[in-house]
Every structure is written in C-alpha cells, then in structure tokens.
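Remarks on the structure that follows.
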C-alpha cells in the first residue's frame, strides 16, 4: 500500500534528533506495549508480523505521522483487538476512564509460569521466515534486474522509491515467506528472496550523492530481468555467449533444454503484459538466462555455469 | 483545540477556535500597523463569494451547447472564448476546456495543491482540495467517480487532468438528451459545478 | 521537494467527504485569511511559486492534519514572524485578548482606492506565459520520458509521474519556470507541454483500464523517449514531417532540412 509509512526519499521531516544515553523504553507503558506486540498477545497468529506491520500501515495517516513509535504499536494493537472482536472499543474506553479517575488502581495479574519460563527460549528460537520450495530461483548473483512498478493497495515490501529501477542481484537467500500474501492471511506462499543493489543515481537522478548504492531485499515477483541490459550484453557478446553455451551442454541437450526451460520460465513468471509467446520463443533462441542454463544442466550445474561465466 | 474563556459570566458567545483567534489577531495587528485595509479585505471576499462562481462556467457551457461556432472557439482557445462572456482573471489566465463525449470522460484535479479555474468556477470546494481526492483521483479515477455517484463503464476512456502548471482546466460536459429545446438560460441552470470538474454528468432534471 | 504535499497515488486518506451546502467559506475567519492572503498579508511580495513552496515546507504532520485555510494561516503566521513584521509574542497576546473578549471587533482601516483597485488586479490576473528565443524541443506526437528529478526545492513534477513514458499532446509556449522562480532565482521561462501518460504506465498491472493522465510539464522535466523514437522514425517519417512542419516556422524547417543532422535527415529521406 502506498501509505505514508512508505517514507523513503520523503523531505520535510527535519534533522535527525539523537538522545544521549537513550533508555530502551522512555516510559513503562512502552515496555508493556512492546511485549504485548511482540508476543502477539490476544491475536490470532495467522498473519504474524506481516499482518501486524500492515495494520500499522493502515493507521490513519495523521495518527501515523504524529505518533511516537510505541504509540503506533499501541494503536495498531488496539485496532487489531477490536477488529478481531477480542476487545471492544467501549470496553477499552471504559477502562481508560476508570484508570484516569484512579491512576493507582492495581493492574490485574494472571500468572502462567509455563509461558513465562518459555519466553526466553521463544526469543532465542525466533521465527525464521525461510522456507524450502521446489521452484528454482529465477535469478542469480550478477543478474541485472528491473524492479517492477507494483502498486498494490495491500501490503508490500517494495517501497515506492525503489519501483521501476534497474539494479543487480548481489545475493540469493533461498525462499522466504511472502509478506504481500501472508499479511492478508492468504498463506505464506514463499518465494525466492534476493538482495538487489541499486545505484543512488538510479533512484534519485542527477541530484543524488555520488558513489552510493542502496541494497534492498526483494522477493522474486518484485523483479524482472532487465531486458535493456540483457540486449546490450547479448549484442556486445554474442560470440562469448555462444561459446559458453557450446561449452556447457551437448548439442541435442541444448535444443531440448531450450524448449523445456522456456516452458518452465513461462510457468514461473507472474502474468506480465510484456510476456508473449513470441517473446519467449525469441529468448529461447537468442540465449538463456543463467538460471535456465543451470537448471537445464541439473541443480549443481547452475553453480558451475555461473562460475565459468565469470 | 478551542480556547474557552472561563468565567466571564452572563452572555457566552461560541468560543473561538484557535485558528479563528489567530486569524483575528493577525488581521487586527496588520490593520493597526497600516499594512492592510479592512475594506480591501471585504472586497476580495465579496468578489469570491458573489461575483465569481460556477454560474459563470455554466453560462459558458450553455453558450457552447447552443452555438457550435462558440463551442469550436471555446475548445480551441478557452481563455479568449470565456472572455467573450466577460469572465476572466486570476487563476484563469490560461484556460483549456476539455470536452466530454460518449467515448471520453474528463476529470480535473491538482494533486500538488488545489489549482482550479477561479474565474469560471469560483473557489474550489473542500473535497476537491482534500488529501483524499488529490491522492486517489490519479490512482483509481473510475472507483473514485463511482463513489462520488458517477458510474462509467470501462469502454469509456477516462482522462485525468493534473493541473501542475498555470493551465486551468474546465470540463465541457455532454448536453443531456431531452434538453434540445431549452433556452440558453434554462440550460445554464442545469450545469453544476461537479459537472464542470468532471465528477458528475449534467442531468436534464 | 518530496514532501507530503506530493500526494498523488498515496493510500490511506479514506473516502472523499462531500460537504452539503454551497458556502465558499465554512467559517468567517477563513474568508479573512483568504482576503488577507490575496492582498499580500503585509509581507514583501513573492511569486505564487514561492508561496506554494512555503506551504510545502510546513511540517508534514501540520500539513496533513490541517484544513486548507489552516495551512494558509500557518504560512502567513510563520512568514510574518520570520520577516519580523509581527512578533510571536504580539500575536499570542492579541489571541489571548480575543479569547477573553470574543465579541471585541477588529479595528478597521479604510482604503477605498485599494478596495476598488484590488478588483481590477484580480480581474486582470497574472499570466505566466513568456516569450523566449529558444525553439521548443518537442512537438505534439513526440514520445517522451519524464525525468527522475528529486529536487529538495520546489518542483511541479510529482513523484508518481517521474520516469514515465508519455506522448506530447500540446505545446503551450513558454511559461515561468516554478523550480527556479520559487527560490528567487529568476523566472527562467521554459517551453511547457501537456503530456499524456497511460495509467498503466503510472501504476503497473493494478491500474484501472482505459485511462490516461494528462499533466503539464516543463521542457527540462522531459527527455526524448529513445526506445520509442527508433521504431516511430522507421514507421512514420511522413507523419513526423507533418508534425514538425506544423510546429516550426517554415524558415526553421528549411534550415533544418539543409543541415545533415537529426530532423534534417528524416525530412530529406521522406522527400
């Protein structure tokens, strides 16, 4: 969602204020809110942190920008509890009035020694987002990619400032839970995750500072191959490309692999207006991506091919 | 936040909001320092409350509906054609009129602030200046228009005009069928501000 | 500047509320703020571009939590204090006075000449059009790409429309250039164009169908769309010639045809 939270590149928020010896929590209530938020208190676990993040994004923009960090957590939690019917707004308001009238009213306590004992183990175990999936990664380190111009009204982790930009894959992290889906209770639908390097100049144009880049972690469906680069690389290097292809596979396998990989990549890709059967056939003719060459040669083959291309 | 005077006793007028107090404070200080004239302020307010308004634009539209030559001039050189009817001035120095047809629907906005053709429409309504309209009309105009009561099928092209420079846009709405025999004055009375912005059709009533 | 005012395409502002009734101003103070602003509010005159930029520089929270005229009021208030015309203390004290006595009238000063004159000034308007010597770089039908400009100062190229491909649909001559004029760097007029950009180009696959944005952009916001140019030139040299011939004076067309570069080549080939 293009919410005000998506703030990369925004002007007007002034200098960065730094507090000397900043305490972890400025007020007691912040520590209580943090704990409730992080342990998902009273909320169905289905959407996890992705859903919680999206809830924050959906706060009223004025509220979002004028709240402190933990005020936002509190507001987000409150909206979740009300939305799920766990607590009603009138209950919260009545309790607020009660506490305002009698600030020393003791907090009710409920003891659960088993949960308390388990907390530190829970925190140490964490909640890894990595998953195993059968699909092979479409990209590999060194690939030139273009971030897509996605503008979902729902949750996404592709910020506005980084859409439609060309960059380079610098790392592949295996597959991770996909937030755009998970935040809405539509399932984890893990996808391959990559770190992409984008030059500052690419993001901001001529007014960018020099010698800088952004490294950002993006899921596979956020990315497309950068056709503009590929073409120029192919145009410059058809001889080299042909040599590599000839080196890697026997002739018959090459022909077979070409058609098979074209079909596979068609199945993997999200629907795109630029993807036509003619385009796919064309790509299969002029050359395959590193991933396609690798996958045609078998799982281990991709690694060897990549190294050889360097 | 409103500032309440506490215990003055007797007659309590409605407490002034903080903005009202600040506006009053600034006006009175500037007048006292000779930097502003009260009657000049009155005159400006009067012009924009009474002299200019969407009735001007309605007259332009009615004339265009009745006079094909005028319509042609209006679409080719909006500012000059509008001036023929005696309208013009600030925030209307460069007017372009865009015509709605059965195939094309135009709607006007200003995402960056609130630009609007004052001489023919008056000052913009709050909703036009709202963050909600400014943010959404360029993103999903068909959905926004539906919310505002105008349903347009996908076969109708929607053109959203973002007034980013000093060109000011006004829509020439389609003349409703069953109004062919109306006089120009009667037609003008049908044309609403909303239809000149492009968020409504003109109805025959 | 990429501040919150640049709000095209931002989600979260909810449904559009429409007020009932036709009143131009909802509160009397709004009309006074409007009137004062139109009269210059006791400030040294600055161009409209600069006034717009002052509004953009309100703090983001203030900007989005204020009503329209609250922003105008905040701008005047800040500008008067910054200019030293009024002090913060003066304003606060006067506010307290009116809070204590809300019925107290504002003192008046009459200036009939000014009151009469302002009507004429408003009626005359203030055109942003200027004559410049440079020929326009683009013409109707040209495919362009909007540049990815991210100035910290004033600009009228919104974020949502940067780096997008579009088509020139009109040329308006040259207009005062806001990016420069807002900062007291001169009017520096540039050719101004209306550019059509498909909604899909702006928003990707989730755009609604059959929609276009039309937006007015200055020449320095635009580049030729190189990816489109080659295919168009190959497909339509005679159409291009017609567009060129319409927009440029005949003498210029002839001199371009004589030169061996760029447009000249295309025109020559189609002859």
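Think of it as A, B and C in the order they're written, each chain with its own count starting at 1.
Please note the rule applied: a residue touches a chain if its C-beta (ideal position, glycine included) is under 8 Å from a C-beta of that chain, and two chains touch if they have at least 3 such contacts.
All of these numbers come straight from a predicted model, not from anything done at the bench.
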Averaging the CA atoms per chain, pick out the one whose centre lands closest to the mean of every protein CA shown.
C
Which chain's centre, taken as the mean of its Cα atoms, is farthest from the centre of subunit B?
A
Whole-Å gap separating subunit A and subunit C, where each centre is the average of the chain's CA atoms:
35
Need the CA-centroid distance for the pair subunit A / subunit B, whole Å please.
43
When centres are defined as mean Cα positions, the distance from subunit B to subunit C in whole Å is 17
Contacts with two or more other chains occur in subunit A at residues 2, 61, 151
Please set out, as single numbers or ranges, the residues of subunit B touching at least two other chains.
131, 139
Out of subunit C, which residues touch more than one other chain, so two or more?
9-14, 64, 202-203
The residues of subunit A that touch subunit C in their complex are 1-4, 9-14, 57-58, 60-62, 64-66, 148-153, 160, 163-164, 203-208, 228, 271-273
Could you please specify the touching residues of subunit C with respect to subunit A in the complex?
1-4, 9-14, 56-57, 59-61, 63-65, 147-152, 159, 162-163, 200, 202-207, 227
Help me check something: in the complex, which residues belonging to subunit C touch subunit B?
5-19, 24-36, 38-39, 41-42, 52, 55, 64, 67-70, 73, 76-77, 80, 85-86, 90-91, 94-95, 97-103, 106-112, 114-116, 118-119, 121-129, 156-158, 160-161, 170, 172, 175-176, 178, 192, 194, 196, 199, 202-203, 208-218
What residues of subunit B sit close enough to touch subunit C in their complex?
3-5, 8, 13-45, 47-49, 53, 88-94, 96, 111-114, 119, 122-123, 125-127, 129-136, 138-144, 147-148, 154-167
